[in-house]
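Quick notes on the structure that follows.
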Amino acid sequence: MTNTQVTHIQIDNYGPWTVTPEPRREVDLQTMQSRLYADLSQLVGNRDGYVFFSRFDNMIAITNGLSMDDHALIQESVGNRYPVTMSLSVATGRSPVNALGTATEQLQDAGSAQDEHRREILRGRAIEEQFRSPEDVQIAHFDVNEATEKYTDQLNEFDTFIEIEQGYAELMQHMREAHGALSFFVGGDNVIAICPAMDAEDYRAVVDHVSEAVDVDLKVGVGRGETASDAGMDAKHALEACRAAGTDVEIDD
Amino acid sequence: MTNTQVTHIQIDNYGPWTVTPEPRREVDLQTMQSRLYADLSQLVGNRDGYVFFSRFDNMIAITNGLSMDDHALIQESVGNRYPVTMSLSVATGRSPVNALGTATEQLQDAGSAQDEHRREILRGRAIEEQFRSPEDVQIAHFDVNEATEKYTDQLNEFDTFIEIEQGYAELMQHMREAHGALSFFVGGDNVIAICPAMDAEDYRAVVDHVSEAVDVDLKVGVGRGETASDAGMDAKHALEACRAAGTDVEIDD
Amino acid sequence: MTNTQVTHIQIDNYGPWTVTPEPRREVDLQTMQSRLYADLSQLVGNRDGYVFFSRFDNMIAITNGLSMDDHALIQESVGNRYPVTMSLSVATGRSPVNALGTATEQLQDAGSAQDEHRREILRGRAIEEQFRSPEDVQIAHFDVNEATEKYTDQLNEFDTFIEIEQGYAELMQHMREAHGALSFFVGGDNVIAICPAMDAEDYRAVVDHVSEAVDVDLKVGVGRGETASDAGMDAKHALEACRAAGTDVEIDD
Amino acid sequence: MTNTQVTHIQIDNYGPWTVTPEPRREVDLQTMQSRLYADLSQLVGNRDGYVFFSRFDNMIAITNGLSMDDHALIQESVGNRYPVTMSLSVATGRSPVNALGTATEQLQDAGSAQDEHRREILRGRAIEEQFRSPEDVQIAHFDVNEATEKYTDQLNEFDTFIEIEQGYAELMQHMREAHGALSFFVGGDNVIAICPAMDAEDYRAVVDHVSEAVDVDLKVGVGRGETASDAGMDAKHALEACRAAGTDVEIDD
């Protein structure tokens, strides 16, 4: 059993802000968004969590080990340094997608993402210390087999991007529907998925499914831990083990 | 006729670096990648270009107005401030994808993306001043109709993300195949496409195609200019015009 | 009695790096230095410590509450994201300057600041949990009385800067010689000092000394805590109390 | 004759913002200030200017080559990405300090630095293109002889800092009074001064003065150019020439 703690991060009333009083320069928006993400990566990462940029105005974080006070401090720190504020909602659940579902609902109950009066909401609850375990987080780190040789060094960069993107789109939907897992593209040919308790056979079936559906060949390393940081680092080592052994699925024990 | 100048940006030998001597912490990689992108956004944006993060280790920029000297300075500035270096290749062509094709080929000719001896390549040529025109760049700014009402405020954030992502995946492939355009997700429910000379009817057909294929309803504002910055800002205003008038396609004149 | 834990942070072999193979652009050095400082501010600050930029290539941090493992992680994170590495040395002592003296010596024993083979040194020891107390850190937050009215709104900005700088130079030397305290300019008209156990009379004497020596009138708020963050926030509130009451010295209890 | 274009950069109503509604965390202020400076370094530096952090809430920039439109864009970009805004005032004059004097007066005429209604002022005028010359900017780059051997590797870091700071304090005041030059500490043992037309004998007298007054031995490389970037890089090369030849003053021709 996993017990993933998920935080839904939402920039308050962001869409309207980007075009008020008139459209802001795209390069400034891009800079601001990606730096906010980088900062959150550090703020959450320094407490052993992971953040994924997903849509940038809405981000999803794995926050096992972060208390509500930690969340409040992160919220305050961003409010002190950015022209925008953000709302945070924390939840757990039977699967990662269930946890997120609760987190999102708590935000939606507080008002619309574009309600100009809804600011710096902080809702939900963190897992209490005594209920945490080293099995709480399961992370799968996928990459594309021979991406450099087959794509990057052969196709134009956009066509490479389409191939990787297509693999990702199939993977993210399948993992969500079949397992309630949350999968995120993290750059290059890498996807990191937050999973419920899945075994080697489950992962093999996922790899096969993507290969058949869109002809993109993946391998995957899997790690478990009390925090995203632990599970994620184990997953990376497992992926290196795949590389060394030429296998498609490795689970770190 | 457009005359898009495209730059393929590639971090040198990045994959191996991320796992040498052993896997680096994901939060540091995410922070470094997104800050490098933010910096490039400013370095290129201050010269009226646009950069898209695409895969982060490979990025695509629209650089009309930037000389090869500008590119050299940007390359040097990144080399002075990051633990990694990057190669740049510049080209133009009949369509955006053709321009990128040439740019990527020039890089591939210089060596593999994972060749440890290939560093800080700078290839290609910029458009000479006398050949530049206010029609050189055509940019289309798409967003999803009622994304907040239909998705963000209704579904869990991952399912919203899947909807947006699905619309983007269909749009990027269709625009590339039908028109040789390069489309990039830029956050929220926004996609910015670098296009050849397309007219209102072309765009309407694209919007219809995506709606039929994946049931995601888009609208689009289109701008033209001598630089990405000019064309992009016109596109934003055109998109505001769609919003005001309730239309699906507006082209700024 | 205070028990300040001080960390000496030194960029490895930085001087030579800035001119190899030839001088690097100043704007890139300035950008890199100030961002490294900003990152350390967050990395240390998220663990309730304070960092001061002092000379930028050598920085001084108050790190009560940070273990040697925390230091190792910060060192690794910087190494993952910057073109330079840094060495860290941690110590405590009877006064802040004694603590720093030990920290610096440990680094010097490991080799010269410009020894190209001395990299990522990590020396010293953190205070063990059971020996920590709420009196460990004493912080004094000084500012200049009516700086805006007397200087900023009257003189040219450089002459204002000279006045502030002169006050700071006198304060830093006096506090170091008379008390073994470490005082740092932190922007505007603010100086933050890391102090041994000093009382209101001591601070009044300091304020009088600076006023007589260089005719710059200061006020000061003082706080104590288990960490720099706690003591520093109390000092800020005490400074607000000075402002409200028109007093020169306030100590938060 | 030099013709330095100086910009006074002032964060609007910053002091009050830092304590409203109550004091903000120091680490967030430090992070925000130093990142704002880093960004300005790039925004101005990409247009061949230099910015000095001086007091962080008030900064001084050398902006030969930047138009008022460039200034407006920089102001807008900061406004789009930070929780604070800034005012800019541009001027030239017989000496650098005269130019700054005019720039500051223009700001003061617009209202107090702590006037909550005075926001995003943009005043003054840039040098017209036809009046610019390769002698417009003279930059002197000072460093301390054998700083590593005599100080960094011998004293505790704060005492080293005091030595460097003392040298800087004397230099900044002397250069301002004797020559109307603006000198800024830029990290390590380096000071960059924006000078009127001074010759080798003038610089030798300055070096002698500081040596006699506070026993800190300096050397200096001097460069001239149409922009701060050109003059500053020449000054760096001249300083390298000092190092190679064992001389105290070198002027790049």
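In this document, chain identifiers A, B, C and D correspond to the written order of the chains, with residue numbering beginning at 1 in each.
Convention: contacts are C-beta pairs under 8 Å (C-beta built on N, C-alpha and C of every residue); 3 or more make two chains touch, one makes a residue touch a chain.
No experiment lies behind these values; they were computed from the predicted model shown.
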Any chance you could check whether A-D or A-C wins on number of contacting C-beta pairs?
A-D
Relative to chain B, chain with the most remote C-alpha centre
C
Euclidean distance of C-alpha centroids - chain C vs chain D, Å
22
Any idea how many Å lie between the Cα centroids of chain A and chain C?
37
If you average the Cα atoms of chain A and of chain D to get two centres, how far apart are those centres in Å?
43
Mind pulling the residue numbers of chain A that touch at least two other chains?
25, 28-29, 31, 35, 42, 46, 77
Note: in the complex, chain C contacts chain A through residues 39, 42-43, 46-47, 73, 77
Can you list the chain C residues touching chain B in their complex?
24-25, 28-29, 31-32, 35, 76-77, 79-83
Which residues of chain B touch chain A in their complex?
8, 10, 14-15, 18-19, 22-23, 25-31, 33-35, 37-38, 41-42, 44-46, 50-51, 53-58, 60, 97, 100-101, 103-105, 108, 112-114, 148, 152-162, 164-166, 169, 172-173, 176, 182, 186-189, 192, 229, 232-233, 236-237, 239-240
